[in-house]
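We just call them A, B, C and D in the order they show up, numbering each chain from 1.
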């Protein structure tokens, strides 16, 4: 049976991510999108950066948009790299640093999670904890 | 002690709203904002209209922006009424039909809920169920 | 000597407007622009509607943009009237209901005040109190 | 008692900042936002750059959005640094050079000031003078 990012699944992913965020002591914004790259659920943990609301939403969006982590896209988007300038596309919604990761059913991307509120490493650790329960 | 729309509270409100939505059989998008009009949490129930994602978010925004329900604001914004044209303000984020309602601590508005996915009457019934548990 | 909307003058206008707002018991957002239609000063009174921040700014902008009150512009912009649709211009910054009024040096418009937070009548009363001290 | 950025407080902060700006002879744009990252007050000193109106507003916004100075955010956002590309987020409102600083109640950020009109060093000196009286 194929895996699907419905609301119950999204909340399960977000709760696992939040648990990790609490463990490492960083309040995070967490967003999950589905196969159609449409928002399913969002949580702002108490005290999380306000400026990271849109970044979490857009990390999830970016990751599903290109079926890779935002860190991988970021590596290709540095000055001198093949995708430098990609950020100007997609109505300014692309985030090119870590914290967005695809949700996969086997090899197929069926959604994504976006986390923002800590360092990029922390955001990735929290996103990975969410993916683990998918 | 003053009431505050933290994440735990927002999820409690959204769960009560979702329960009502399930009772009346309408999949809804539900958003909650806090006192500063910043997003705290969002749920899209399975099968809810995709175009209602931004409407739910913006109903919550609109209701906190003017400390009244979106239905009340809508009544003042019809052609010939005092606020006709208001929806062009606030970067196009204002929704002027029902489904957004303020969350109050006594007389003070400390947040809002926005619901979109059904008829306006259904959206208001679902939003009211969320407010009831605040 | 010609009159000019410098910062000292803008603050004087805004203080007079605030005094009126306090008298009638309505927290208002108040903005003043100069001859070049650039923002000089802005105050949000405690408890004023958050959604009225941009409306106050844009009422001042609109009034200087067309050298008339936003109420007058609004009358011309209703369905069936000559300027219906004008709101889609000026990057969505035009407000077509009362509360924005020009600041004049004789017949010449040299700035404007915008007030938002109460009823349209209250906003106009507060704006007029500001203009009186210019 | 917790500190709050109400209008009286914001004007006090801005007056202290203006005094410093006058001392060093640079006309500045100065903005203050509150805990919810909503604008409380703005002053453009006579002769201050028009292009710095939105920069001052957005420096205050940026600083509250990430609870740090815009200088600190800027250091993390250079090419090759972890947050390179962040300024495309938040609808283009982020400023990644100095002049925005958080207003703190102990360790909690409850608002921010943004200053633009001089060199980055001057803007920071003026912002710091505002923060000192909070």
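What to note about this one:
One rule holds in what follows: a contact is a pair of C-beta atoms (placed from the backbone, for glycine too) under 8 Å apart; a residue touches a chain by one contact, two chains touch by 3 or more.
Every value quoted in this text rests on a predicted model; they were computed, and no experiment measured them.
Contact with subunit C and subunit D alike is made by B.
Of all residue numbers used at the contact between subunit B and subunit C, under half are used by both chains, marking a mostly different-residue interface. Averaging Cα coordinates per chain places subunit A and subunit B 25 Å apart. Subunit A and subunit C have CA centres that are 42 Å apart.
Note: centroid distance subunit B to subunit C, computed from Cα atoms, is 29 Å. Centre to centre, using the average C-alpha position, subunit B and subunit D are separated by 31 Å. Along subunit D, residues 36-38 each make contact with two or more other chains.
The touch graph of these protein chains has some other shape, matching none of line, ring, star or complete. Contacts from subunit A toward subunit D in the complex involve residues 49-52, 54-55, 58, 74, 77-79, 87-88, 92, 94-98, 119-120.
Across the complex, subunit D is touched by residues 34-38 of subunit B. On the subunit B side of its complex with subunit C, the touching residues are 36-37, 62, 64-67, 79-80, 82-86, 88-92, 94.
Residues 6-7, 11, 36, 38-46, 50, 53 of subunit B are the ones touching subunit A in the complex.
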